[in-house]
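Here come two complexes built around chain A, the first alongside chain B, the second alongside chain C.
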Partner chain A sequence: MKAGFEAKARQVSLAAVLVGFPVLLYLTWFVAPDWSYQPDVTAPLTRKILFFHPPSAWASFIAYAVVFVLGIAYLNERDLRHDRAARAAAEVGFMMNSIALATGTLWGIQEWAKAGQNALATVYSEPKVLVVVVLWLTFAAYLLLRRFVDGPERQARLAAVFGVLGFIAVPASFLTSRLLTTSLHPDIAGPGSNPDAAVSGDVGMILLVGFLVFLALFVHLWLQRLRILRLEDETAVLEAQETDTP
Partner chain B sequence: MSDGRFRALLWKDARRELRGKESIAAGVVLVLLFYVLDLFAFPTLAGAPRTAAAVLWTPLLYAAGALAGRAWAAEADRGTLELLRAAPVPLLSHGLSRWVVNLVITLALALVGFVAGGALFALPVTVEVALPLALGAVGLSILASLAAALAAQARSRDVLLPILLVPLAAPLLQAGIAATLSALAGLPLSEARAPLLVLAAYDLVALGVSLVLWPILLEGE
Partner chain C sequence: MNDATTFLLAFGSVFAGIAYYMVWMERKAKALEARLRTLAAKANNQDAPSGNQA
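This part shows the complex of A and B:
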């Protein structure tokens, strides 16, 4: 990525986040339906998490796709810049995935847990929550693998291989949970989605805004992290040169 | 890949396992240890199909990982990974040969678990229960071999191996447990068609991807 284009993308994504987040909050509180009058809705206030939970989960799926593509690019070209970009995407994707997991847990505890049941067990026995957990574990394993491997080339090669393997496991886990199990979790999109749970109108529009805001947040944090990693590498080279100088 | 050279490699890996007998013995003991612990906790699994599915699948997952890890770790410790790379044999042959040996061992362990489940917990000893375990063992042997080769090139590989393996094996476990639950409910194989197809498809995809990744995974710096 050219430095000028990257700086521009950083600024544009930051502007999108700074404008988009207040708009998303406004839409969530003042435009989204008031679910408190619906008798079948257990936790109307917690339902507002809808506008943050799927967008953060989708952003983390995109982050993993970026890790996969950059891993393939590294294996083809053996250019460490691709590996650095993949690492930055994985770190930010892990953060997005953690947000999706935390918001999903809060929502699930309020909506699904019944009296006498362990709320966390109810949430984490949900097949679709388990998919997010699998992605979280995959990100964690990818980042841990990097820490345990010495040498930049070996680290890049092994991380790219695991990135490719993980990219197959995560969609497979997603499809398996959709095809094989019944669930409390609403299917709002994708194969096997439930027409009753499909979003439309204001809810759909706010969800789209939420997705765009989290996408901009991912892009901005990714580019910022990439810049820091590049500076760290350049500093390490300069320090090595200084040590070599008699 | 030359058939003659692949057969020679396979024979070498198989003889090493047979000579040491460590893998099979350690694997059988590991699987049975899980069952003994299960006996402490659950005197019976009647009316508890979900627990029964966990009893069948957990030892298989851990034993497959531990045994695949041991084989690669021994190569890394002796420094023979470099020798393997220097041999005039495609790197893919090394990976495939190791996987075939792991496959046989993992299938044997699945059989031990299947028989132990029937003997100790009176779980049904039927094709409906055996088939998901066999299909799962195929996929687990592929993924465990790849994860073990990854971990062997890292520090703290014993800790790292399960961390790498479990997320990769998640779809297999989800589908395998779904098929096992169907079998434990006494339903025919046709009722478990979807999870069995998922298991078979994931096995094929994992095998296809492993053919591409083995040479990259085993190349030197």
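This part shows the complex of A and C:
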């Protein structure tokens, strides 16, 4: 990617994030339905997490898809630039995955746990949540591997394999709640979504805005992380030259 | 934890976390660019022939 285009894309995505988040907050507060009047909704305020939880999860899945594609590209071409881009995408994807997991946990505690039940145990015995935890742990291991494996080629090769295999949990997470009828997790969009949970109207529109904002956030953070990794490499080269110079 | 506390905790931590990460990355990139400029200037000075050595 050309440096000029990359800088432009970084600025445009930053502008989209800075405009998009206030718009998303406005929509969440003033346009989204007021669920406090619905008797079956136990936590109407917490339900507004809906506009941040799925978008951050979807953005993390896109980030992991980028890691998957770049991992295959690295294994084919052994070009360290692919590895650097994959590493940047994995870090940002992991951050978004963490947001999705944390907000989902808080939401699940409020909505799923019944009186007398251990709320955390209820959330973490849900199959879809478990698959997402596996995904999160896989990419935590991917990032740790980056710290503890020596040699850039060996590190890149192992990371690429890890990233490609780790991506399997993404479609698994999509399928889990659709295939298991005991799943508590609602499927709000896409093929196989629950008819009573499928979103439409204002809620669907706000979710789409949320997804676009998180997508812009991913693009911005990815390019920014890529810029930092490139600068670190260039600095390391010059520092090595400085050390070698008598 | 009640509904309002959960909501505030979720929104506060998401926004604070994202804002912190964005600011941290921008600062880190700026610091690295400054370091790179210093190192490049040093390397250029070492490469350039000195006028006093004759």
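In this section, the second predicted complex is superposed on the first by the 234 of 246 C-alpha atoms of A that agree within 3 Å, B and C clash if a C-alpha of one lies under 4 Å from a C-alpha of the other, contacts with A are read in each partner's own complex, and residues count from 1 in each chain.
Following the convention adopted for this analysis, a contact is a pair of C-beta atoms (placed from the backbone, for glycine too) under 8 Å apart; a residue touches a chain by one contact, two chains touch by 3 or more.
The structure displayed is predicted, hence computed values, not measured ones.
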Partner chain(s) touched by A:110 [first = chain B, second = chain C, both, neither]: second
First (chain B), second (chain C), both or neither touched by A:164: first
Which superposed partner A:81 touches (first chain B, second chain C, both, neither): neither
Contacts of A:178 with chain B and chain C, given as first, second, both or neither: neither
Which of chain B and chain C A:150 touches, first, second, both or neither: first
Which of chain B and chain C A:227 touches, first, second, both or neither: second
Partner chain(s) touched by A:235 [first = chain B, second = chain C, both, neither]: second
Chain B versus chain C as contact partner of A:217, first or second or both or neither: second
Shared chain A surface residues [contacts with chain B and with chain C]: none
Chain A residues within the chain B interface of the complex: 75, 127, 130, 134, 137-138, 140-141, 144-145, 148-151, 153-154, 157-158, 160-162, 164-166, 168-169, 172-173, 175-177, 179-181
Footprint of chain A on chain C - complex, ascending: 1, 3-4, 6-7, 9-11, 13-15, 17-18, 21-22, 25-26, 28-29, 32-33, 35-36, 39-40, 42-43, 46
Interface residues, chain A side, partner chain C - complex: 17, 21, 42-46, 48-49, 52, 56, 95, 99, 102-103, 106-107, 109-110, 217, 220-221, 224-225, 227-228, 231-232, 234-235, 238-239, 241-242, 245
Chain B - residues contacting chain A, complex: 143, 146, 150, 153-157, 160, 163-164, 166-171, 174-175, 178, 194-195, 198, 202, 205-206, 209, 213, 216-217, 219, 221
